[in-house]
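Read from first to last, the chains carry the letters A, B, C and D; within each, the first residue is number 1.
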Amino acid sequence: MKMESVEKPKVRIVGEEKVKLKKSFVKPWMGIKYLFKKPVTIKIPFEKIEPAPKYRGFHTLDWKKCIGCNFCGQICPARAIEMTWLEVDGKMEKRPHPKVDYGRCTFCQFCVDVCPTGALGFTENFYLTTGGLEEDLELFNWVPIHPDKVREMNEKFGDYRFPVVKIEKKADGTYVYHLRDGDKIEFKILGYGLRPPKKPASAKPATAQEKKEVSKPAEKKEEPRAEPEKAAEKPSGE
Amino acid sequence: MDMNEKPKVEEKVQEVPEVEAPKLPDTKEEKLVAEILKKAPYAEGSVRRERRVEFKVPADRIKEFLELASEKFEMLIQISVVDWLKEGEFELVYQLWSVSESVHAFVKTRIPRENAKMPTVMDIWPVAETYEREAHEFFGIVFEGNPRLGPFILEPREYEKHPLRKDFNMIGYVKTIYGEDFDRYDESKTNYVI
Amino acid sequence: MSERKNDDFISYELQEFKLFEPLFRWARKKSLWIVAFCTGCGGIEMPPLATARYDFERFGIMPNPAPRMGDLFLITGYVTPKTLKRIIITYEMMQDPKYVLMHGSCPINGGVYWDSYNVVKQLDKYIPIDVAIAGCMPRPEAVMDGIMEIMRKIEDGTADGWKRYKENYEYYRKNQDELFGEGWREKDARRWLAWI
Amino acid sequence: MANLEVPRELREEAKAHDMYLHPIDKDTYELFFGPQHMATENFSIILKMDGNRVEKAIVNPGFLHRGFEKLAEQRPYFTNIALLLRICVPESDVPENIYSMAVDEIVGWEVPERAIWIRNVVLEMARLSAWMFWIMGFGNEIGLYTAGQWAAAYRERFMRLFEELTGGRVYHIYTVPGGVRRDIPGDRWLRQLRDTVEYLKGKMRDFDDILFDNYIMFERTEGVGVMDKKFALKHAVTGPNLRAVGVPYDVRKDDPYYLYPELDFEVPVLKEGDSLARVLVRRYEMEQDLYILEQLLDMGPPSGPYMVKDPKLKNLPRFKVPAGDAYAHVESTKGDFGAYVVSDGTHKPYRVHIRGPSQSHGVTVLEELLKGARLADVPVILKTLDNCPPDIDR
C-alpha cells in the first residue's frame, strides 16, 4: 500500500473539551430558516423518480441463448428458480428454462452473475402490485421474457412496471401471459426439474455438465417431477 | 488457518502506532500467551496471527481458566458453539477481547454432545447470561448456575428441538409444520438444489 | 376473542345508508391510518415514506400506534410465528373496514427464508390480504404504488379482505390453530392483553 | 431533574385521589412495552412498574428470529451474502463485510487494493446512513420530529449513491468474499459522493442547532441511564456506548482493518456514561465519518481489479473453502459487530456465528439500566443504547 512512515499517531483520542456541547435555548429556533427552502418531497403521482441505471429489478431471459444449465438454480439463495420444460407452438424447447418466483426472489441477481451465456439478465423494472387473492398472486411466478420486449414496453409506457398484467392458467398446462401492450405469449409447461419430462420425444437434452450434477450423490437431489396439482382449497374472495 | 500466508488485509494492520514493529518471538501476543500459560499449565496456547491468540482448555477447568484470563481479557465478546456431529462433541469457543492489549482470544473447549453441561461464567462476566441462554436454546447445553435458561428467542415448540444442532432436519421440520408442499406454486420447490 | 357469527358483517354495510356509500368510500380512502407495527425488514422503508421525502401524509395516511384507530395494516416483510400471533390479535382488534398491504417476497412464498423453521410461508392462509407488492425490499415508490392501488380498491369496493375474514373465519381460524396449536389465544393472547 | 423521586406522602395522596389511572388498588402493575412501539422496533419489554418507575424489566426478544445461522449452513459461501446482510437492516453492509473478511482470512486471499478501497467507502457510507437513521429514531423519541424529517431526507442521498454503486437500495448484496461485485460506476459517482459529503458537513451545523444543542435534548438525556466503566466492560458494552463511559475502544483503532490505519480520525471519549454522553459521542463520530470519507476520496480509488482472480471462482455455486475458522469484526454504529465462520472444507460453511452489539446492549445492559428509570425515559434509554433487535434474534 501507500506511505509507510507514520510519525504522528493517526488515531487520536479526544475528550470532553471537544466533544461536549453547550445547551442552548436560542439555537433550535434557527430551524425556522428551513421554512423558506425548497421542499425535498417527491410528489409521487405527479412527479417521477427513476431508479438508478442497473438497479436490480425483474429478470429477463433470452430463451434462444438459455442452455438450461441450472447454474442459476444452484446459486439462488432463496430457491426461487426452478427449471421448466416448455412447449412453444407445439414444439418442445430443447433445454429447460428458469422459472423465477418473486414470492421468494431476493433480487440479489447472483443468478445473472453466474449465467454462462448471458441469457439471464435484469432490468430496472420494480413495480409489481397485485391483489391479495390466490389467483392474483400467480403473477409472481413467471418464466422471464426477452429483454427487448421489456425495454420496448418501458419506453412505450414510460414507467418500470412488471411487463405482464395477467397470467392465465388453463387446465391442460397452457399458460398465457397477457403483456401490458396487449400482446400475448402462449406456451405449455410440460414439467419441472432438470431431466426432461416423461415425453419420449426429443432424445436427451441433458448436457454433460448436468449429467455430472445429477449423478453426484449430493444431499437431497433434485427430483424430476411432473406438475403435481395442488388442491385448491383456498377461499376465493366472494 | 495458515499462518504463513497472511492476506493483505491483516498485513496493513502492522502500521498501527501502538505496536512498534512486532517481531514474532517477542510480540505482545506471545508474551500474553506465555504469561497466561505459566499460570495455567493445563491449557494449550498459540498465536494465530497478529491480535489473535488461541487457547485450548479441558472442559473441567474452563471456569478456572476463564477467571484467570479475565484479568487480561476484560470483555467476553461471544460464546460460539460448534456442533461437531461426527466427533459427537460440542466445541465451545469463548471469544474474549482484551481492551488494554487489543488482542482477541479464542478459548476453545470440547464437551460431549450427550447431556452437555458446562459451569456458567455469569459471575465473571454478567453478559454471559445472554450468551448462555442462547447457546442453551439453540444447542441444548445446560449451563449450571444460570437461572434464566429456557425459551428466550424461540417459542417453546422450537425450543425443544434445539434447531442449530446439526441433526435437526430443518426441511423435515418445516414440512411437518407448514405442510408437505409448502410452496405456493406448481413447481413444489421444497428441496435443496445443492 | 368472542365468538363471531358469519353474517355479522352485513350490519357494517349499512343498508339504510347505501346512498352515501360513495361518500363513505371516498372518506375512507382519504384517511387511511396505518397501524405502526413494522413486522419485518420493510419497516426500514417506512421512515422515508412517512417523512419529508415521500411524505404519505399528503394522502391522509398517518402512522398510529393504536390498532383500534387503524385502517391499514402494513405487513412489512417476513413474519415469524411469534409475530404472527400479535399480527392476528392486532388485526382482529382493528375496526372494520380494515385493509392489509403485504410487502415483499417473504409473506408471499417464504422469500429467502423459504426453508426457515421460524418464518411463516404463506401469510394469506392466516389473514386476508388486499394488496401485495413485489420486491426485496420494495422501494418506497413501489409501496406508494401499493397504497394507490389500495385506495383505488377502496373506491370501487374491491378491497374486501375484512369481509373475507368474516366469511371464511373458520378457514383462517383452522389454519391459525394448526400453526399455533389449539387454544393459543387463551394461552398466549390473554397474557398480553388483559382486556380480551 | 432526571432523578426526581416522587415522595412517598405525595404518592399516598395521589392514590387517595385516584390519580393513578391504571391500577387503582395497587401500586405495581405490568406494562407490555412493544413489539409495536416505534422505539423498540419489534422487540418487547415486560416492565414491572411501580407507579411511574420501572421496578424490573424483562426483555422478550425473538420476534425477528429467522434462524440465520442454520440457514447459512445450507447455502453456498457466496450466496450467504444475500442472506446474512439481513441481520442488520439499517447498515446492511456490516454483516456483508465481516462475513467476507472472515472468509477471506480462511481462504487466504489477498483482496485487491481497489476492492479494499471500495469496501471501506461503502462501510463509511453505511455508517453515515445509519447515523441518519439513528438521528431520526432518537429525534422522534424525544419529540424533536424536525430532526427526524431532515435526517430521513438526507439519508435518501446515500440511498441513491448506494443504488448507483450496488444496484440495491437498502440491501446492497455488494461485498463478497474476494472483493466486490461491481466496479465504481465512474467519476461522476465519486463527484456525487464528494458533493454529498460537503452537503452533509454543512447540514451538521443545522443538526447541532436543532437537536444536539437543543435544551430539550439535554433535559431528556442528562443523567438518564447511567452506567460506569466496570459495569460496561463486564457487560461487553461496545461502540459509542463504551466510549461514553471513558474506554477508548474502537475496532477501527484497536483491531484495524481495510485502510483505517492510514486514515486520520479522532475517537471521542466521555466519562459520564449517561444518555447525554452517548448522544454526544455519536454526534462527534458522525462528524468524523464525514472526514474519513473525505480522506478516502482524496486518496482516490487505486487502479486494478475489483475482484480477486482465482480459478476456483469459475464454478461459483460449488466454490470450496479450506477447513479452518476465523473471526472478523468491524466497528458499526451500534458497536462491535463480529462474525465467526467455521469451514470444514466443503462448499457450505459449517457454522456462522454473528455477534451483534445489541446482544449485550439489548438484553442484560438494558434490563439493568431500566431499573429505576421513569417510563418516559424508557424510549430514550433504548434509543441512546441504539438497540437493534435483529442482532439479538438473528
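The rule we apply is simple: a residue touches a chain if its C-beta (ideal position, glycine included) is under 8 Å from a C-beta of that chain, and two chains touch if they have at least 3 such contacts.
Computed from a predicted model, the values in this text were never measured in an experiment.
Engineer: Considering C-D alongside A-D, which chain pair is linked by more C-beta pairs in contact?
Structural biologist: A-D
Engineer: Where the CA atoms of chain C average out and where those of chain D average out, how many Å apart are those spots?
Structural biologist: Whole-Å distance between the two chain centres: 29.
Engineer: Centroid of chain A to centroid of chain B, CA atoms only: how many Å?
Structural biologist: The mean C-alpha positions of chain A and chain B differ by 37 Å.
Engineer: State, to the nearest whole Å, the distance from the C-alpha centre of chain B to the C-alpha centre of chain C.
Structural biologist: Distance between chain centres: 41 Å.
Engineer: Going by the touch rule set out above, which residues of chain B reach two or more other chains?
Structural biologist: Where chain B meets two or more other chains at a single residue, that happens at 12, 15, 154-155, 163, 170-171, 184-185, 189, 192, 194.
Engineer: At which residue positions does chain C touch at least two other chains?
Structural biologist: In chain C, 52-53, 82, 108-110, 112, 114-118, 136, 139 touch at least two other chains.
Engineer: Please list all residues of chain A that touch 2 or more other chains.
Structural biologist: In chain A, the residues touching two or more other chains are 1, 6, 10-11, 40, 51, 74, 76-80, 101, 103-104, 106-107, 137.
Engineer: Have a look at which chains touch which and call the overall pattern line, ring, star, complete or other.
Structural biologist: Topology of touching chains reads as complete, every chain touching all others.
Engineer: List the residues on chain A that touch chain B in their complex, please.
Structural biologist: Listed in rising order, the residues of chain A that touch chain B are 1, 4, 6, 9-11, 70, 73-74, 76, 79-80, 82, 84, 99, 101, 103-104, 137-138, 141, 189, 192, 218-220, 222-223, 225, 227-230.
Engineer: Across the complex, what residues on chain D touch chain A?
Structural biologist: Residues in contact with chain A: 75-76, 78-83, 113, 146, 150, 153, 156, 160, 163-164, 167-168, 171, 173, 181-182, 185, 206, 208-210, 212-218, 248, 250, 252-253, 259, 261-271, 280-281, 283-284, 299, 316-318.
Engineer: For a test of understanding, state which residues of chain D touch chain B in their complex under the given definition.
Structural biologist: Chain D reaches chain B through residues 61-62, 65, 67, 69-70, 74, 76, 101, 104-106, 108-111, 113, 116, 233-236, 238, 247, 249, 253-259, 261-262, 317-318, 324-327, 329, 336, 338, 340, 342, 347, 350-351, 353, 355, 359-360, 363-365, 392-393.
Engineer: Of all residues in chain C, which touch chain A in the complex?
Structural biologist: 52-55, 58, 100, 102, 105, 108-112, 114-115, 124-125, 128-136, 138-139, 141-142, 144-146, 148-149, 153, 158, 160-161, 163-164, 167-168, 171
Engineer: Along chain A, where are the residues that touch chain D in the complex?
Structural biologist: Going by the criterion above, the answer is residues 1-3, 6, 10-16, 18-25, 27-28, 30-31, 34, 40, 51-56, 71, 74-78, 106-110, 113-114.
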